[in-house]
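Below are two complexes that have subunit A in common, paired first with subunit B and then with subunit C.
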Partner chain A sequence: MKKVLGLALGILTAIGGFLDIGDLVTNAVVGSRFGLSLAWVVVVGVIGICLFASMSGRVAAVSGRATFEIIRERLGPRAAGANLTASFLINLLTLTAEVGGIALALQLASSVEPRLWIPVAGLAVWLVVWRTKFSIMENVTGLVGLTLVVFAVTVFLLGPDWSTLADQTFHPGVPANEGRDVYWYYAIALFGAAMTPYEVFFFSSGAVEERWSAKDLAQSRLNVLVGFPFGGILSVAIAACAAIVFLPAGIEVSSLSQIVLPVALAGGKLALAVVIVGIVAATFGAALETSLSSGYTLAQFMGWSWGKFRRPARAARFHLTMIVCILVAVGVLMTSVDPIAITEFSVVFSAIALPLTYLPILVIANDPEYMGKHVNGRATNALALVYLVIIVAASVAAIPLMIATGAGS
Partner chain B sequence: MILGDLLDARVTDADGRGLGFVVDARFALDGPIDGLLAAPRLHGLLVSPRTATSFLGYERNGVRAPALLARWFRWRHRGTFLVHWSDVRWVADGTVVLRAGYERYSPGLTGTAPQQG
Partner chain C sequence: MSLPPDERPPGRILDARLHLLDRQVLDVDGVPTCTVDDLEIHGLDGSDRPDGTQTAVVTSLLSGAVLATRVLGGRPPASRWHRIRWTHVTDVGTTVRLGVHGDALDVTWTERWVRDHVIGRLPGGRHDPG
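Up next is the complex of A and B:
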């Protein structure tokens, strides 16, 4: 019984923890402009993150080593340093977007200006990172984040024309009023939103935090393989809500209040309250994960002691890194920069940085010295190579497309 | 000297002809007991003729998957050899100079027979 509960908890947390501000914003923007014609990218992204997270989780559980320890060892100090710089900065950008997301969600609930909420959100994130146990932190934000299921309910309540949605999904094409470049730019953004690198830093370091071993592999694989696809369904539901309400009217989503508008239209005040709780939980959870990831990546690269299982005094530099990163995120947001705009950039840069962490993990997952009999099988490697091509292609194409389309505008 | 002085360094033979770059260092754990483990001893350097980028571990014989990546890295680093530390004459200014008559060994971890050519 306890095992079943543990399994259910793991899967539910993976569903709730899948969505963050990047998924919320990108799916809604894409839904309002392209309908469901980019839903296939979510499928590609979810399969990719399942593959990547299960490989990095397996590497961490079997070898006891997290992502950046491995990158440092395999790439040598110089190449790994460049890798760290890129990954760390993009993670900081994502952290900024998530803290901004918390503030925007709290603004929706309270009508208080986001700049008053930003320092509160930053402080709350720090307090939880400093004080709360890893497992409690994970489970609470994941479970509360499940309330975002209301987006899926909304799709049914809105009573859409299902044949139109199905047509957009299964016969995807570039809408008449959008350019081909913009379509592919948003395809990359959506891919980056589903496969953000911090999820992998966090997942593999979390495996070390929770002291996984080879015998926990089956459960961790199930969490990922069941939880993430359900998270992906919620992503598509967000896009569908925007596609139903905004696409026919030709309105482009550019704020959080628009993202939740379909829910309010269909379900009224109660549904709106539920979705705001869900967004706060999702962005707060992701802010915790990105804060921790900033500490994990830097500490693992530098060889500092790290982890929430140590008291802060025993991992002082790890905690100091997180404090500095949260302060930088709060400082950037206090300049009144739009968190939604930061989010849109952060998902594209996530796609750009993805090969930097994907390749080393793929190589180590095949190394019998680390993995023993748990090396990748043939089928996994075949899929992993296909994804290597997709990831590299997305990474290379992202910057030219960003310039050509003026970041999708 | 630290390991960082050696990695990526240019390697030349005694006449100053370029042989490649140091891509890795190999240690043997056969020194006197130091705490729990035997003290490591620098056994030799891996020299790759064309590139200073990482071999990502594919120099070892047992690592062959995923096949396409393994083939690519082996091709990038074709001609990589191991020189014993005793064959290094001196190290200065980012250059490793080997002594005349140095021996090239196979970079594979199992079997260290001298390489052909």
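Up next is the complex of A and C:
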């Protein structure tokens, strides 16, 4: 019975923890401009993150080594240092976007100016990172984040023309008023939103934090393989809401209030309250994961003592890194930059940086010195190679497309 | 007919570059201590710059400022080297294990500084997460 509960809890947290500000914003923007014609990218992204997360989780559980220790060991200080710089900065950008997302969601709930909420959000994130147990942190944000299911309910309440939606999904094409390059630019953004590198840093380091061993592999694989696809369905639901309400009117989503508008239209005040709670939980959870990831990546590269399971004084440099990163994120947001704009950039840069973490994990997952009999099977490797091509292609194409399309405008 | 004499030295063969450099170092309790940023090598005759004609041995693991010279090239002044003596090493696998406490080593001075001046002074910093 306890086992079943643990399993259910793991899966539910994976669903609730899947969405972050990147998924919310990108899916809503894409839905409002392209309908569901990019839904296939979410499918590609979800399969990719399932593969990537289960591989890095397996590496961490079997070898006890987290992602950046391995990157350093395999690539040496120069290449790994360049990799760390890129990954760390993009992670910081994502952290900034998530803290901004918390503030915007609290603004929706309270009408209080977001710059008053930003320091509060930053402090709250730090307090949880500082004092709360890893498992409690994971489960609470994941379970509360499940309230985002209201997006899926909204799709039904809005009573859409199902044949149009199905047509967009299964016969994807570039809408008449959008360019082909913009379509592909958003395809990459959506891919980056689903396959954010921090999820992998967090997932692999979390496996070490929770002391997974080879025995726990089956459970972790199930969490990922069931939880993430459900999270992907919620992503598509967000896009569908925007497609139903905004696409016919030709309105492009550019704020959080627009993202939740379909929910308010269909479900009224109560649904709006629920969705705001969900967004706060999702962005708060992701802000915790990105703050921890900033500490994980730097500490693992440098060989410092790290981990939330230790008291802070026993992982002092790790905690100091997180404090500095949260302060930087809060400082950047206080300049009144638009968190939505930061989010749109962060997902594209995530796609650009993805090969940097993907390739070393793939190499180690095939190394018997680390993995023993748990090395990748043939089917996994075949799929992993297909994804290597996709990930490199998306990474290479991202910057030219960003310049050509003026970042999708 | 006799077999040719086996000239390999007994024991495990380690490639310093492959098995030592950039590996995580764990102390006797399994706490991450540092990464092997570089190695100090002495010739058997005691020279600190063996020229490759004589047998050389690893005398210390180095960490700290020496990392910058691995990235940028050059050699830090000897006063800036933080050594872990090779005699402290108990095992080399996917990690390098030490037989001593990391806290007692010079290489962890930044950890102690940050603990004593910043993290240890914040409320709750010395307690287990609740």
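One rule holds in what follows: the second predicted complex is superposed on the first by the 409 of 409 C-alpha atoms of A that agree within 3 Å, B and C clash if a C-alpha of one lies under 4 Å from a C-alpha of the other, contacts with A are read in each partner's own complex, and residues count from 1 in each chain.
The working rule: a residue touches a chain if its C-beta (ideal position, glycine included) is under 8 Å from a C-beta of that chain, and two chains touch if they have at least 3 such contacts.
The shown structure was predicted, so the numbers you read here are calculated from the model rather than taken from an experiment.
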So if we stack both complexes on subunit A, do subunit B and subunit C clash, or do they fit?
clash
Answer with first, second, both or neither: which of subunit B and subunit C does A:Trp130 touch in the superposed model?
second
Is A:Leu385 touching anything from subunit B or subunit C once the two structures are fitted on A? First, second, both or neither.
first
Winner on subunit A touched-residue count between subunit B and subunit C: chain C
Which holds for A:Ala316: it touches subunit B only (first), subunit C only (second), both, or neither?
second
Subunit B versus subunit C as contact partner of A:Val375, first or second or both or neither
first
Check whether A:Pro77 is in contact with subunit B, with subunit C, with both or with neither, and answer first, second, both or neither.
both
Does the superposition put A:Asn366 against subunit B (first), subunit C (second), both, or neither?
first
Report, in rising order, the residues of subunit A that make contact with subunit B in one complex and with subunit C in the other.
76-78, 369
The answer for subunit A against subunit B in the complex is residues 74-79, 360, 362-364, 366-369, 375-376, 381, 384-385, 388
Which bits of subunit A are touching subunit C when the two form their complex?
63-65, 69, 72-73, 76-78, 80-81, 130-134, 299-306, 308-309, 311-314, 316-317, 319-320, 369-370
Where on subunit C does subunit A make contact in their complex?
21-25, 31-37, 63, 67, 70-71, 94-95, 102, 110-112, 114-115, 118-120, 122, 124-130
Considering the complex alone, what residue numbers of subunit B touch subunit A?
4, 7-8, 53-54, 56-58, 60, 62-63, 65-69
